[in-house]
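You will see two complexes here that share chain A, one where it goes with chain B and one where it goes with chain C.
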Partner chain A sequence: MLRFLLARLSGLILILLLVCVCTFAVFFVLSPDPAVQICGKNCTPELIDQIRANLGLDEPLLSQFLSFVGGLFAGRTYGAGDAATHCAAPCLGYSFQSSQPVWEMVTERLPVTVTVAIGAAVLWLLAGVVGGLISALKQGTWWDRGAMLVALSGLSIPNYVFALVLQYVLVVQLEWLPFPQAVGFAADPWQWFANYLMPWTVLAFAYASVYARLTRANVIDTLAENYVRTARAKGLPSHLVVRRHALRPALTPITTIFGMDFAGLLGGALITESVFGLNGVGKLTADAISSNDQPVIMGVTLLAAFFVVAGNVVVDLTYTALDPRVRVKSV
Partner chain B sequence: MATVQSQPEMTEGGPPPLAQGTPERRILRSLAADRGAALGASYILLIVLMAALAPLLVKVSGWGPYEFDQSAVDPDMAGAPLGAWGGAGLDHWFGVEPGSGRDIFARIVYGARVSMLIAISATALTTLLGVVFGLLAGFHGGKVDWAISRVMDLLMGFPALIFMIAILSAIPAGNRAVMLVVVISLFGWPYLARVVRGQTISLAQREFVEAARASGAGGAAIVFKEILPNLRSTIIVLATLAIPGYIGTEAGLSFLGVGVNPPTPSWGQMIASSVSWYSVVPTYFAIPGAFLFLLVLSFTVLGDRLRAVLEPGGAP
Partner chain C sequence: MNRTVLVRLSMVATAAVLTLTACSSSGSSDSDSDDESSAGDGSAFTDTPAEGGTVQMLQNADFSYLDPARGWDGGVNNFYRLVYRTLTTSAPGNADDANAIVPDLATDLGTPSEDGLTWTFTLKDGVRFEDGTPITSADVKFGVSRAWDPEIGIGSPYARQVIDAPEGYEGPYRSGPLETIETPDEKTIVFHLKEPFPEFGSVVSQPNFVPFPEGSGAGDEFITGLIASGPYKLESYSPGSSIKLERNEEWDPETDDVREAYPDAWEFVIGLDPATIDERMLAGQGADVNAISGSVQPATLPRLQGPEMEDRTLRFTGVCTTYMGLNSTKPPLDDVRVRQAINYAVDKSAVQVASGGGQLADVATTILPPTVGGYRDYDIYPSEGHTGDAEAAQALLDEAGQSDGFSMVLDIRSQPKMQAQAEAIQQSLGNVGIDVELNVIDTSTFYETIGTPELQNDAAITGWCPDWASSASTFLPPLFDGRNITDRGNANLAQINDETVNARIDEITAMTDLDAANEEWGQLDEEIMELAPIVPLVVEGNITVPGENVTGLHSSPGVATGGIDLVLVGLRDPERG
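So, the complex of A and B:
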């Protein structure tokens, strides 16, 4: 078990390093000179040179990369002499736009993103797994067909379109929900809840559709297994057959994709957050893209990659706990 | 000889059931009999025709995608379209864009070109890459397999959407459509390659491959004549199911402002510019939204049904 864990962790670090290299390559090699961008309109060549020196852009690419990675783990110092600023680890550099440390910007926004992800996850797990299970047990009925049709729509509607439809119907036409406003939970719990309700629904609809289809298919498959027939034959009540024999193996693959999906969402629900004006990591990414704020884009990309890769490891560990067959293989 | 076994799983339990007519005929017939698949296919055909005949359609409707019609919008109302339903009527069939007064029908028709062209090119490129690398990894095994598998792990471990946006926003403007296709395919091929690799590994151990090898066939001949034909149905299904994903990705990237450059119309971009108008002119987001939704839905249904026909017993 320990060896398995160590192997996974070293894999995690390797992939993160590769992501670092790729992000670095994209932003510092391919894209236009950031110094020119920061400098703005009233720019002189001397000023550009100074900015480049401050940011360390005048050094060779390899040493730039090494100081970037070094900054991640040990912090780094920009500039020299009186103008020097120290950026503590984990240092992701400073935003070109607001000059704030990227790490601070990201951690400030993370709670919103986590709230979005958790609320949506609760909704989609409930709707997806329960809906899929009922569909599987009532295979071929009107419920099943209706639920699968809804799931198909959920797969096909782009989330920004659904977001606009929802906002138009619930807020503008029916006036059931107030217009989104930035408030803290303590200030106005109802407004706070209403702000999150639509993003949760929009995200959950898409994921729940996938989960419902998967759960339905898996449960139908396991119900056809011999051991389920045996359980029925020995007279076990139907609900126990479903709960003890059919559901558990059917849900194992669901845990896998759930881990991946949830980890992916922690990197920011880009579109949903922007459409609903929620100040999370996703909105930060979208804003950084439109203002071409490379350090921020780089920071959020790394963060998202970290969550995805870490989610992968967590999924593998849970899998070993849930499915004894994997445990045997890994030893 | 190997093409007969289009369903590898089924040959274990005896010969495959005798089908009437050629396999293609049989598949087409069972798809046509399925209401969902038939409806989906008709809608896709409609959009393809619309995209192909765009210049002609625009001539009939009277307004091009880049023509401004200031007489259709109300300057006193910040450029809101005149008339109900976003200014829809005989003059502008789907109404006009608020502000500029550009004809929405023309932009939908031309947007269909962008959407279909990018999604289909990306699917073609993804399929090519996926099949080539999947075959290489599965057939050669060893170091080749190890290297390709690690690259696939890496690409699939990436937060693909964020990375696509990052790349597209970092690279200075060029031919956006080509770049979209390249970037989408770059992150898309591992999903196909993984399946192709797995099936190649199991096919390579089958008796008919062994027989071909024993009768002196070389590596290339085995791959192209024995293994590839058996992967045909898997590839068709995966490609069909990839198209709706890529349509959505293109629209999403255009929605976020890193897709095709304006003024080239794209459905995702139209929806993005409708966001600030959604409460006043709901048709502005509803029309491109509905076209996009139905196109993705049609491809998904068609792919689902194709899978049911081609791979009975496969995943849902």
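So, the complex of A and C:
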């Protein structure tokens, strides 16, 4: 087990390094000069050079990359003499646009993203798995057809459209909910819930659709297995057949995609956060990309990669718990 | 929900997603503009507000910097006036001449010496920082010297351009005090200039002339904090999300003829989706009755048509000209007749429609917009209804030996509005045999491309706004002085380098009588247009729907590039919302 964890941990670091290299290549080497954008109006070549020097862009690319990676593990010092500022590890550098430390920008926004992700995950797991299970058990009924129709629309309506429709109906027309803002749970639990309900619903709708269809298909498949027939033939009550023999194997693939989906969401729900004006990591990413703020892009990409890789490890661990066959093989 | 609502919503949705990629916050030439020409019942917007309450400002992008030596664009300059004061400043939006520059911390607009090389200002009594310490001439000197710091001084360039400084001076933190600024006593400050600059009284209105206590603001101290000299101080700042301001009790209204400061507090809600901002402003629920915002999205315009919305819609005309620069180094555009022909041929009314129609944009026939000092109305390439005169254009093309037409490449940003403008131009030039190929460039690379003569193509659509509105001196020289052409960051897109124009610029810049100078700027505008280096297209205004409880809404051409002048805004009923 320990060896398994260690192998996974070193894999994680390797993947993060690779992500570093790729992101750096795409955003530092191939993308336009951010100094020109920052320079703006009444720009002069001298000012561009000055900004390039401030941002460290006048250094050779390799040394830029090495100091970035060095900063991640050991921190780095910017400027010299009185004007020097130290950025402690893990240092992600400073935003080109606002000069704020990227680490702070990301960690300040993480709570919003985590709140959005957890709330949405609870909703979509409940709706998806329960909905899919009922559909599978009542295959072909009006419930099954209706639920699958809803699931299909969840898959096919782009979530920014759904978000705006929902906002228009619930907030503008009916005035049931406020325009979402990131309210802290401690400040006012009810407002917290009311403000996050729409973002949760919008995100959960699309995911729940996938989960419902997947659960339904898996359960139907397992119910057709021989051992299920055997269990029924032994006279096991129907609810036990479903719970012990059908649901558990049907849920293992769900665990896999859930781990991936949830980890991916922790890297930021770009569209949902942007549409609802929630300043999470996703909104930060969208803003950074449109303003070509390279250190911030690096930071959020690394964060997202970290969550996805870490999510994978957790999924693998859960798998061993859920599926005895994997346990035997991996140890 | 009926079908039209759905269609409309999906349009809003598309616009929302498009704008996610279309907003660049830097101080470039995007138009964010207006002046006193409101639709609907104008008086409701300009009532005198009551004292108290909190005004909210809903916006998409965060301000560039809290530090006035770093930040310098239409949005943040307006914000700075709430928290900072400078020696002089733009007149308040409700002044008789809103373009004028008026005294702020100083008692007057400064006194030049006989040779124009030395300017002396005297500070008013009773001006203080938020901690109660009096603001002295040393604080002003320290504040402006920060403009020379290579890391901090990336804002307004005028201080460095105009004030004499020792060779290699790098701001107070690296090089010590700036010796060329004298402070004979606590109230008097003397600037020494490189060359006479008659509008120096306007230069000291720039944000980097904000005073700061000696030694403050090193490193990133002013990245998330500030030291207020204006009527408000920072209560809290969470970057990208919100800025809250509260009253600065040390600010004495007796010393300030510009700021009314009616509300007790301000809250800037940042990071909202533009479509959501419009929804909130239209719905006006709860505390949103106390909110203002920037210009509405084009997709929202149709919803402002009803009689019920008409009274709530506030329209300001712009201070920025959107134009097409013609690169005069590329044949056949090096022939003035060809450039004139293009000026005749472009259907500006179609460009106006593409810019959001008459509600949002006025056709431009001059370089200067009407809201900038020196503006003179003329049209030397006239056509009926501004739809273009293909015959006159063809005649000039024939004369230039271009009867068969030619093809040219037009650089534009990947932004729906600009693409629509470019297509209107493409179509009208197609009528005279000029084949326009649109080169759509990502916003992040656009300014690099058009500002680098080596990369620039035949033509580009962009815009320009003045840095102060009292004269054309920050409008015509940067765009048309041939001696300012640089290999990067170039603003003279036409690369026009005409000796007569250059000489005229020198002549007018040296004039000490502002009115006489403005008269001449207006003349020069037309003289330049005879060379047809650009095609003025439209002056884009803005339309906002302020919350019902907000009033005192005046535009300021100078400080807000025509937007709502924040220092005059307040609430009708502070108890509401």
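As a working rule, the second predicted complex is superposed on the first by the 297 of 331 C-alpha atoms of A that agree within 3 Å, B and C clash if a C-alpha of one lies under 4 Å from a C-alpha of the other, contacts with A are read in each partner's own complex, and residues count from 1 in each chain.
One rule holds in what follows: contacts are C-beta pairs under 8 Å (C-beta built on N, C-alpha and C of every residue); 3 or more make two chains touch, one makes a residue touch a chain.
Worth saying up front: this structure is predicted, and the values here are computed from it rather than measured.
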{"item": "Touched partner set for A:K283, first chain B, second chain C, both or neither", "value": "second"}
{"item": "First (chain B), second (chain C), both or neither touched by A:L164", "value": "both"}
{"item": "Which superposed partner A:P111 touches (first chain B, second chain C, both, neither)", "value": "neither"}
{"item": "Which of chain B and chain C A:T301 touches, first, second, both or neither", "value": "first"}
{"item": "Which of chain B and chain C A:F27 touches, first, second, both or neither", "value": "first"}
{"item": "Which of chain B and chain C A:G267 touches, first, second, both or neither", "value": "first"}
{"item": "First (chain B), second (chain C), both or neither touched by A:G146", "value": "neither"}
{"item": "Touched partner set for A:R213, first chain B, second chain C, both or neither", "value": "first"}
{"item": "Which of chain B and chain C A:I15 touches, first, second, both or neither", "value": "first"}
{"item": "Footprint overlap on chain A, where chain B in one structure and chain C in the other make contact", "value": "31-32, 158, 160-161, 164-165, 167-168, 171-172, 271, 274-275, 286, 289-290, 292"}
{"item": "Chain B contact footprint on chain A (complex, rising order)", "value": "15, 18-19, 22-23, 26-27, 30-32, 152-153, 155-158, 160-161, 164-165, 167-168, 171-172, 213-214, 216-217, 264, 267-268, 270-271, 274-275, 285-286, 289-290, 292, 294, 297-298, 300-301, 304-305, 307-309, 312"}
{"item": "In the complex with chain C, residue positions of chain A that touch it", "value": "31-34, 36-45, 47-48, 50-51, 53-54, 79, 81-85, 97-100, 105, 108-109, 158, 160-161, 163-165, 167-169, 171-172, 175, 178-179, 181-182, 271, 274-279, 283-284, 286-287, 289-292"}
{"item": "Residues of chain C defined as touching chain A within the complex", "value": "1, 5-6, 9-10, 12-13, 16-17, 20-29, 61-62, 64-65, 70, 72-73, 150-151, 154, 156-157, 173-174, 218-220, 223-224, 238-241, 269-273, 275-276, 279-280, 282-283, 285-286, 288, 442-445, 447-448, 451, 464-465, 467, 478, 486-489, 491"}
{"item": "Residues of chain B defined as touching chain A within the complex", "value": "153-154, 157-159, 161-163, 165-167, 169-172, 244, 248, 251-252, 255-258, 268, 271-272, 274-275, 278-279, 282, 285-286, 289, 292-293, 296-297, 300-301, 304, 315-316"}
